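Quick heads-up: structures coming right below.
One chain, subunit A, links the two complexes that follow: it is found with subunit B in the first and with subunit C in the second.
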Partner chain A sequence: MTNIVNELTNKFSNHHDFFIEEELIDNTIVYVIGFTTLVDVTKSKLYIQQIAASSISIKAFFTNISNELNVPDEQLIKAILTGSIIILSKDATRNAVVEAFPQKLGSDISESKNESPVQASIDAFGNHLDINVGMIRKRLNTERLCLDSYEVGQLNKRKIYMLYVKGRASPELINKVEQQLTTVQRDIETLDDLNNQFGHRRWSPVSHFSATELPIQAVDALKNNRIVFFLDQFPFALIYPNLVGDMVSSANDRNLTFALTVMLRALRIIGILATLLLPALYVALVSVNPELFKTDLALFVIQSREGVPLSAFLETIVMVILVDLILEGVVRLPKSVGPAVTMVGGIILGQSMVEAELVSNLLIITITAVVIASSAVVGMQNSLYLRLLKYPILLLASVFGILGICTGFVLTIIYLASLTSNEIPYLTFRLGQKGDET
Partner chain B sequence: MKIKRLCLLLIPVLLLAGCWDIKDINKRFFPLIVAISKENDEAYTITLQMPIPQNVNEASRTVTVKANSIGSALEQVQLDAEDVIDYSQTQLIFIQSNLAKEQQAMQKLIHFVMNAKEIPSRALLAITDENVEDLLKDINQKLGIQTSSIYDYFNKGYDWAPEIFSIPIWKAYQSLFFHTQDLAIPVASAGKDTVLTFEGLDVFRKGEKMERISTAESLLLNMVQNKNEGGTVESLESADIHIINSSVKKHATMKNKRPVLSVDLHLTMRILEKKQDISDKHIQQQLQQRLEQRFHTLLQRLQEAHTDIFGFGQQFRQFIPYKELKNWRTTYYPNLQVDFNVSTTITQ
Partner chain C sequence: MTKQLQIVAVFIIVSLSYGYLLYPSIIYSLTDTTHWLVVLSQGFIQLILVWLYIKGLKRFPQHTLLDIYSKMGKWMTLLFLFPFALNLIALITFSVRMHTETILSIFLPRTPYWSILLLLLFISAYTAIKGFDTILRSAIFIVLLILFIILLNTFSSFVNYDVYNIASDKHVSIAFLLNPKFLTLIGFSSFLFLGFITNDKPLTFPPFMIASIGVIVILLSFIYIPLLIFGHETVVTMPHPLLEATDSINIGWFVFNRQTMFLGITLIGFVILASAVMLWMIGQIMQSLLPKSKRKNSFWIIIFTTFSLIAALLLPNQAVAEKYFLWGVGIQAFFMAIIPLTIFIYGFASKRGGVKHEN
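For the complex of A and B:
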């Protein structure tokens, strides 16, 4: 083995998709080197063999196969990372960079279904692992992007890829994750199984991962010292650890100007607060602490609640659950039926409930605001868990009023602060850079 | 498992802690005005004015009950009412002057409303010479749905007349214990076309009614206490002026055990209309003279009555030993010399 080959194998030892193969051409051994995630190896080898067959000597083979001959070592590395294969003669006197058959990274790529990016590329991760990694490599072509692969499970071996940027992600964290992944004792069927593998969170609404469909989101996470997982047959990148900031900021925001980014994030924070507090505030003000209203407002509220037979807590809980049911129903239904449910749920139900004086106008406004606000956050799962967290606060508010809201809110924050993924608290805002740059 | 079962058992306790006895906002009555009077037969009459939002024609109604004490009267109202009576929105407490002139009753009243947890201590106090029941009925007819107008009437803000003085319950309660400041409560009656007419201030010393001062003097009180935001119009012989803003500075000194206070009042004003060939300086002098004269007459009256509603005594707390403070009204205040200087600026 020559120096350059040794150097390459050392350099890419962390890359399981890196390959070196030997080929015999005109009685000379050459090495074919590249990434399996970027290059279609079989087709490329066939191509090389065809060229070799039509070349009379090894020298002719090199001149036939590429225009880029005898390039310096650094350029060789760059070529490998950008999806070419390189051919090295065994004595290291000749090398060539070949634009071989690339993996079909484009064919499976479709638009994102769960996230709708504004002013950004709309391609989303697909089911194939290698394609997903390829999409990341395309956007982050550095040699420091490392990939570890694991096969986990008892019956069904499931492939998991772990991506991180060397020198950015903390080596300690990587070691711990590696241990957790190699000691998997059961089948990893769902995200929840994987979640439990990373620490006990059976009853917690907050996941260890934030799932995203968008490559730029994953690349942004990698650059910000985090780890990205890919599961085969799962079209999401799993960003680990999930931090509270993922709820308010997406990498896509920064395509807009700074002022707009700040505005968007402020709106999302307002959305979070509104989702958690508005229904509780309604109940507390209407039934427990009406003295906090200004007189005019109190009279207005009395008027809007006139004749409503349900108590404030009951009507709120009924409406909140109904709305959550509608949301769930719309998600599960086919796209052609969804709008009908939306109309029935929104217009007919809301309107008739008010006309039948089952709930007050003010509550309908509150609930609508809450639904809209809960959708403002980034990520479907975040929106869901916020919707869950509002219930305890609502319950406390109905008993203890404003005091209950404060207590509930503080308890919620205490709970969220108690969550950690491998000793990284959920309420961390930014992961520091661990490890040296080189 | 035991802990889980215990938790399940405890959940109803949590709910029972408040849920079952809470009444929704539309199941409560909110009396906005509480009027209290005392008949000669020692019985209290309480009249409440409550808005009734469900019926457009009848915007509010009044309820009157009689009982031997304020507490039992309020209880009586609750007994008769179909819903909970919630005093948390009460904005004004009217006291009929036949009650106000009895020191004992007045002290008891202030103690009661302050200690009654249901009545917010920010509610304002007012005195009326009329029969409170008639007054509230009268207000009721004019008020319509604009129920917050009473509150707006007494509170600073847009279009607030600067003569109007307002005092919340907690301040009235505080003044019962003050050695160096006395209490003034606004006097109002039902207006002919408007909701209320402001008639001046009643001055109390420890719950004892001492004096009644006029609206013009009430303005002076607001100015000296630096509460004035301007907006009043003064008519002098030769001109009409509009006072836009006022500010005040006080400086206290003790000279041979005699308190001396200099009060510098600065007014910014605009001349609305004036007679010809009268200089601005002349108008300024006229205004200054008038205000100074008005102040000194008022002060003299108050000094004779030994009541210090300006709270001048507050300025001298640092000069007088604490034990002596309770003699402020009798020993020091009558000798108080106030140099009252008015300066004015004219803007266009």
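For the complex of A and C:
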């Protein structure tokens, strides 16, 4: 056996899926090496034999089978790890990296799970990078669509693709992003790791990216001068930078008529305001500033709270947390159990809480409205961060009443205004076309 | 990324920020009739100053006020800007205290005033530390919110109008021009922050003219809402005519009992952002005064906020706060005249070659 084969055997001695097989081609022994878990061995061997049969010499065989011939040893190891097979001649004078038949590890293009588009294509991104990029290219067939690929991480080299339309996305931004991606010092396991790489947002609920499953959304972002990232084994397109407008508008809206689009967006804005302000308004008007209501309305509110032992703040915070728990529970549970939790949470718990006079009817209405309103925005993560932002306002409202709501709301605006991704503020509505058209 | 629209939004907020509380009373004390003439004259003087200021700043592209003063010499900065910073902190202290008392009287009669002071100053300092870009971006949203509420207030007050209350508004008198209080009015508009912004493109005057006209219209509504409701004789006896005027409004179909609540909301938006702008200016001035110290902008902002908080807590009552605030506004008026003039004259002189550039 040759040196390199020995080395490989030693290196991968702990890997039971590692295989070295000998083949006889033109009276010369060659080694076929790879991982059985990544490569379909039977099909690949058949392919090699077919090529061998049609080649007149061992030299011709190597030229026919691959373009990557006689590569350095480190690259051979890398090729094995990424799912190729390598072919070595016994005297170690020739080697080749062959793109073999891969094991089928990804799923086919499927329907979107997290977003449900109305009147649009239901194709969703999958785990495989190239397929995802292919889906974009199919919809945006211009030579100006550029693709940069990066491999980042220490232990596990993770592939990241960056897509942008040349002439639309600002070259300055692309340069900065490139720098940030090439200086990655750690493994990029999750979106949070990538987020931190793009600037410190450890404690911020607002991400640098908006994730989408829908190709139409990603294409729309590319056309609107933004950058789209794909991570391998991550079935989402990451639109960078994430802007506040992403919460109210989706590309799919525009399949409807303009008037309907405007209506939908107005509804989402109302949803945002309702999520942030309604629970706080309840607490403020019931416990701190009841005198602001007209007398009959104030009496009605007091009446609905008759016999409730909890303070307005406690009542609200208990209900809000309970509802957030139910939402979280329903999401995590298998599809067959989810509806049961919904029923228990919604009907039994809600009904009995009112009948036991633990919370007022008015609060139940408020909370229901808030839950529905928070789901009206586009994107799961946006809905989640709105649900988080309502707590500080609620807290301030319980202490300062209406004043607390105002200061809380102003503080929220100021906080969101302070967020930037590579100097692009989060509160931008549209990115200007920065690049050169040509 | 700074846009002129955002700067104009901050300009509107800062210009209106004190208008609510004391501005109407001063106008009423200046004249019995033709109140609009007072507001217009004040607006005119302000426009001239803004024009001078922008004209002066244009001569130094990519330079802030601080750069220009440091060009003139270290002592000029010390002479003009340090007292200015002290005056700003005094203004913040008195205005926050004054607004706190007003907010307490509108919303929260039983809450201790220190908690509100703490809340308002904390948010202002937080905003100032986040930088001027944050102030600019949030200003647009806050201006939209507040203008909506001001409109709501103005239109809802229609129900109580009595046009005969201003029937005597025929006799034109310009005696107010000689009253020193009139000059104090200039201090109510704050445009000096314009010099602290570095911008790729130089500022242009027309948007500020439009904004100023808008501000004057809103100020006129502040003056005339109480006048139309109560009449001049009643209004001069009131400490806060606008508050009382809105408190008198009662609309049958509306869910809320007190329109003053909306007034309170606007007050909060104004005071937070205006104080943030001033705190940020103080931070910038301190940094340019002590360029060698490695303290960051935020250090000075925190120090001055703490100072302001303690001073505001020590003020015995609202009347004292108002008195000192008016003094502060008077001094502010002096800076509003002197800073644009020095910049303009220096710009003029350096263009003639009278002053050497230290580039």
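We take it that the second predicted complex is superposed on the first by the 331 of 438 C-alpha atoms of A that agree within 3 Å, B and C clash if a C-alpha of one lies under 4 Å from a C-alpha of the other, contacts with A are read in each partner's own complex, and residues count from 1 in each chain.
Rule of thumb we're sticking to: a contact is a pair of C-beta atoms (placed from the backbone, for glycine too) under 8 Å apart; a residue touches a chain by one contact, two chains touch by 3 or more.
Predicted model, so just to flag it, every value in this text is computed and none were measured.
Peer 1: Could you look at A:Val5 and tell me whether it touches subunit B, subunit C, both or neither (first, second, both, neither)?
Peer 2: Neither partner.
Peer 1: If you stack the two complexes on chain A, which partner ends up touching A:Val71: first (subunit B), second (subunit C), both, or neither?
Peer 2: Neither partner.
Peer 1: Return first, second, both or neither, reflecting whether A:Glu291 touches subunit B, subunit C, both chains, or no partner chain.
Peer 2: both
Peer 1: Between subunit B (first) and subunit C (second), which, if any, makes contact with A:Leu267: first, second, both or neither?
Peer 2: neither
Peer 1: Would you check which partner chain A:Thr407 touches, where first means subunit B only, second means subunit C only, and both and neither mean what they say?
Peer 2: The second partner, subunit C, only.
Peer 1: With both complexes overlaid on chain A, does A:Val354 touch subunit B (first), subunit C (second), both or neither?
Peer 2: Once the two structures are laid over each other on A, A:Val354 reaches no partner at all.
Peer 1: What is the contact status of A:Val318 with respect to subunit B (first) and subunit C (second): first, second, both, or neither?
Peer 2: Neither partner.
Peer 1: Could you look at A:Leu427 and tell me whether it touches subunit B, subunit C, both or neither (first, second, both, neither)?
Peer 2: Only subunit C is touched by A:Leu427; subunit B is not.
Peer 1: Answer with first, second, both or neither: which of subunit B and subunit C does A:Ile122 touch in the superposed model?
Peer 2: Neither partner.
Peer 1: Residue by residue on subunit A, keep only those touching subunit B in one complex and subunit C in the other, then list them.
Peer 2: 288, 291, 293-295, 298, 399-401.
Peer 1: Under the definition above, what is the set of subunit A residues touching subunit B in their complex?
Peer 2: Touching subunit B: residues 285-288, 290-291, 293-296, 298-299, 301-303, 305-308, 311-313, 398-401 of subunit A.
Peer 1: Which residues, counting only subunit C, touch subunit A once they are in their complex?
Peer 2: Residue positions touching the partner: 1, 103, 107-108, 111, 115-116, 119-120, 123, 126-127, 130-131, 133-135, 137-138, 141-142, 254-258, 261, 264-265, 268-269, 272-273.
Peer 1: Show which residues of subunit A lie in contact with subunit C when the two form their complex.
Peer 2: Result: residues 288-289, 291-295, 297-298, 396, 399-403, 406-407, 410-411, 413-414, 416-418, 420, 423-425, 427 of subunit A touch subunit C.
Peer 1: Which bits of subunit B are touching subunit A when the two form their complex?
Peer 2: Contacts found on subunit B: 14-15, 17-19, 22-26, 28, 30, 32, 51, 53-54, 86, 88-89, 91, 120, 145, 147-148, 151.
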